[in-house]
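Structure below; questions to follow.
Every chain is named by a letter (A, B and C) in the order it is written, and numbering of its residues begins at 1.
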Amino acid sequence: MPLLEIRNLKVEFATAKGPFKALDGVDYTVEAGEVLAIVGESGSGKSVAMLAVMGLLPDTATITADKMEFEGRDLRTLSAKERRKVIGKDISMIFQEPIASLNPCFTVGHQLEETLKAHTTLGRRERKARVIELMKAVGLPKPEERVSAFPHQMSGGQCQRVMIAMAIACAPKLLIADEPTTALDVTIQKQILDLLVKLQQDSGMGLIMITHDMGVVAETADRVIVQYKGNKMEEADVLSLFENPQHAYTRALLSALPENATGDRLPTVSDFVGAGGF
Amino acid sequence: MSDTILKVRDLYRTYDIKGGLFKKPGKFTAVKGVSFDVERGSTLAIVGESGCGKSTLARMLTMIDAQTSGSIEIDGLPIDIAKTGISKDMRQKVQIVFQNPYGSLNPRQKIGHVLEEPLLLNTSMPAAERRDLALEMLTKVGLQPEHYGRYPHMFSGGQRQRIAIARAIMMKPKLLVLDEPVSALDLSVQAQILNLLKDLQDEMGLTYIFISHDLSVVRYLADKVMVMYFGEVVEYGTRDEVFGDPKHEYTRTLFAATPNADVDSIKARLAKKVA
Amino acid sequence: MTKSTSTELATETVLERESRNATKAMLTEFWYYFSQNKGAVIGLVVFAVLVAVALLAPLVAPHDPDVQYRDALLQPPFWQDGGSFAFPLGTDAVGRDILSRLIFGSRFSLFIGVVVVTIALVGGIVIGLVAGYARGWVDTLIMRVMDIILAFPSLLLALVLVAILGPGLVNAMIAIAIVLQPHFVRLTRAAVLAEVNRDYVVAARVAGAGHLRLMFKTILPNCLAPLIVQATLSFSNAILDAAALGFLGMGAQPPTPEWGTMLAEAREFILRAWWVVTFPGLAILITVLAINLVGDGLRDALDPKLKRS
C-alpha cells in the first residue's frame, strides 16, 4: 500500500472572472521512503495538490478526487478534528518563506515545544530535552542558546532549519516541502537540501519536494512529476527524466536552463510547442 | 586603449545603525573599497549572496543612494550626488531594472504612462511623440501596442519585467543596472528575458551591470565576473578566468553549492545512495 | 514616422478601446468583490434611496417642513387612533409634519457628511503625506499634535470648538472635521510608510520624479483604499456627531429640520408622543447603519489582503 495515493484530483477556484481550474485530474502516488519531486512553473498547480491534501486551501476552492488516501485512510471523509490529528503528526509541511512561517512573538524553542505539546504526550522536561535534540538534528549550532532566540534574531537559513525541526518533531511519515530553498542563498540552499535528504534517509519517511528548480530536482529526487497548467505532463524516475525526457515540455524546460545553452540564444518553451500550449 | 564607460574607484558605503535602549549606535559598512572598470557594450556580472553589498552597489551606481567615499564616473561624468545633486544629464546615462516585477510597477499607473514618465520628467518632448516612442518600445520588448492602456496587474511576471526593461531603456541610457532581473521568474520566462536582454544589448550598444546570485545565468551572459563577499570584491576577472580557475575559497564554495542538473552528477548521487 | 493616416487612426481607436476596457475590467472586478457582501449591497441601496430623497425633497415631501398646522398639534402617525394620512408620521408640538421634516433633514445630514469628510480627508491626506514622506522632526511634530487631538474625547472637543466658534451648523461641521482629521492623518501616514520604499517608488525616483510628484502622483493613489473605507465610516460618524451637537443645542439651530435638532426639540414629549423622538432617531440609525455597511463592503473590495486569487 502506498503512503499517499490520490486519483483524479481536481481543484477549482471561484474568482471574479469565473471558475479557474488549478488542477485538472492529476494522480499522485508516494511510497514510504521515497523522494518525489513535483516540478512546474507558476500556475502549474504544483503546490495546490499538496495544499489540498493538507486542507489548507481557502473556501473558494472546490476539491474533488476519486481517491485521496493516506495509509489507506480516506482523507476526504475525515472530520476536521480527525484530519488535524493526521496533519501535523503524520504529514507535515514546510514552506518557502521560513521567516514568515514562524511566529515573531515567541522564541523558536517555545514554538517547537508547542508542536510537541499538540501532538505528543511528553512531559515538560522531556519536551525541553526533545527540543534541543531536534535542533541538534537539523544542525543548528549551540541549540541550548538558540532555544531562547526569536525568529528575527536568526538568518533565513536558520529559520528554515527551525521549520524543518518543527516538521519532523513528531516523526512524520510524509514531509511535504513547498519550495523550501527558493528564498535562500545558494550555499544555504545546498545545506538545507542535504539536510532534508539526510533526514529522509535516516527516518525512511516519504518526502515530496515541490519546486520550480530543475537543479533541486536533480540533487534530491528519486521520482519526478512534471506539471504544466494543472496537468501532469510526465512522470518518470529522475535519471530517465534528465537522460531521456519524453514530453516536449520537459525537453523545453531542460533546454531553457542557461547551463545547457548551446549557441547564442536560449531556446524557450514556444520553440518546442506551439504558442497555444498543450 | 579600451573604451571604459564606468569607472569605480575605492567605493565605500557606510550606514549608521541607530542605537536602541540596550544597543550602542554603530556603523555598518555595506560596501568596502570596491574598484572596477566596465567597457562599453560589455556585461559585468556581480555575484554574491544576500547581504554581500551587491544591491547597495547598484543603488549607488543608479544614484538612488550617495556613496560615503570613493568615486564613480559614468561615461566621463563624475557622480557624487551628495555634493552635486542629480542632473538630467546624469539621469540619461544610467537606469535600473529591479528584481521583483510585481513591486516595480505602480499598480495604479497604466503601462503607457509608466513608459512615458521618464520622458515627461526629463525631456520636453510633446505628448504625441512620447506616445509613439512608448508604442515603439512596447513592440521592441516583445509586447503589443494594445497593452499601452492596461494596468500592471493584467500582466504576467515575465511581461511585467519586459515593461520594466522598456521603461529603463526609454531614455536610451548608456548603462543599465539589472538587479537580479530574472530570479523572480519561471525558467522558461527567464530564458525569454535573457534573450531579450541580449538582443537589446546588440541593438542599442548597451552596457550591463548584471547583479545575480545564479551562477548559471551569469555564465551564460557575462563577459566579466566580480564576486562579492561581505562588502568586498573577492574575485574579479573575465568569465573564463573566474569559472575556469576560481582563486578565492568563497568562489569555490559558491560553485560547489550550485545544483548540478547534468546526468552524470545525478548518476553519481544515485550510486552513492544505493551504497 | 512614415505611417499612413488611416492606420494611425486605426491604432488610435484600438488604443483608446483597450484603455477603456482596462478601466472597465478594474470596475467589474471591484463590483464583483463588493457585491459578494450582501449587507453592503443593501446598505448601498438604502443610501441611494436616501440620496434620491434628499435631492428630490421638495417633490417628495407632502408638506413644507416649516409650516405649522395649528389644528393638528402632536397628531400621532396614521395607524394610531387620531392619526390621518395627511400627516403619515404624525406632527410635532407646533404642528409641523414629521415626515416632511425628516425628508428635508436628510439634505442636512448628507450635506454635513459630505462637507465634513471632504475637509477631514483633504487635510488628513496632505498632512499625513507630508509626515510619512518627510519623516524626521516634521513627522514627530505632526504626529504628536495629532496624538494630542486624539487624546480628547471627540464630542467634548467638538463642543469646546463650537463654544469658541459660536453655535451653528457651519461651525459644527468645521469642529467635527477637525476632530475626525487625525484618523485620516494616521491612516495616510501608515499607508505612505508602507509604500514609500516599494520598488515602483524608487523607480519613479530614478526616472527623475520630484518630491511633489512622488507624493501625490506615485504614492497617494496607492494609499487610497484604506482612506476610502475610513471616509465612509467617518461620513456616518459626522452625521452622528452633528446630531449630537444639534441635540445639545450647539449645532443647527431651530427651526432647521436637522435630525439631531429635531430630537432636541422633542425631548419634553418623550412620554406623551413617542413618534416625535422615535422617527428622527430611526432616521439617524438607518442612515448610519447603511453607510457603515457600505464601508464594510468597500473594505472587502479594496483591501487586497482579503482578495482571493
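As a working rule, a contact is a pair of C-beta atoms (placed from the backbone, for glycine too) under 8 Å apart; a residue touches a chain by one contact, two chains touch by 3 or more.
Being a predicted model, the structure only gives us computed values, none of them experimental.
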**OP:** Have a look at which chains touch which and call the overall pattern line, ring, star, complete or other.
**Re:** complete
Original post:
A-B versus B-C: which has more C-beta pairs touching?
Top reply: A-B
Original post:
Any idea how many Å lie between the Cα centroids of chain B and chain C?
Top reply: 47
**OP:** Compute the distance, rounded to whole Å, between the mean C-alpha positions of chain A and chain B.
**Re:** 31
Original post:
Inside the complex, what are the residues of chain A that reach chain C?
Top reply: 13-17, 58, 60
Subject >> Contact footprint of chain B on chain A as seen in their complex >> reply: 41-42, 156, 185-190, 193, 201, 212-219, 238-239, 242-243, 252-254, 256-261, 264-269
Original post:
chain A touches which residues of chain C in the complex?
Top reply: 28-29, 32-33, 308-309
**OP:** Give every residue of chain B touching chain A within the complex, in rising order.
**Re:** 49-50, 157, 186-192, 194-195, 198, 213-217, 219-221, 253-254, 256-263, 265-267, 269-270, 273
Original post:
Hey, which residues of chain C end up touching chain B in the complex?
Top reply: 1, 11, 14-16, 18-22, 25-26, 198-210, 213, 218, 221-222
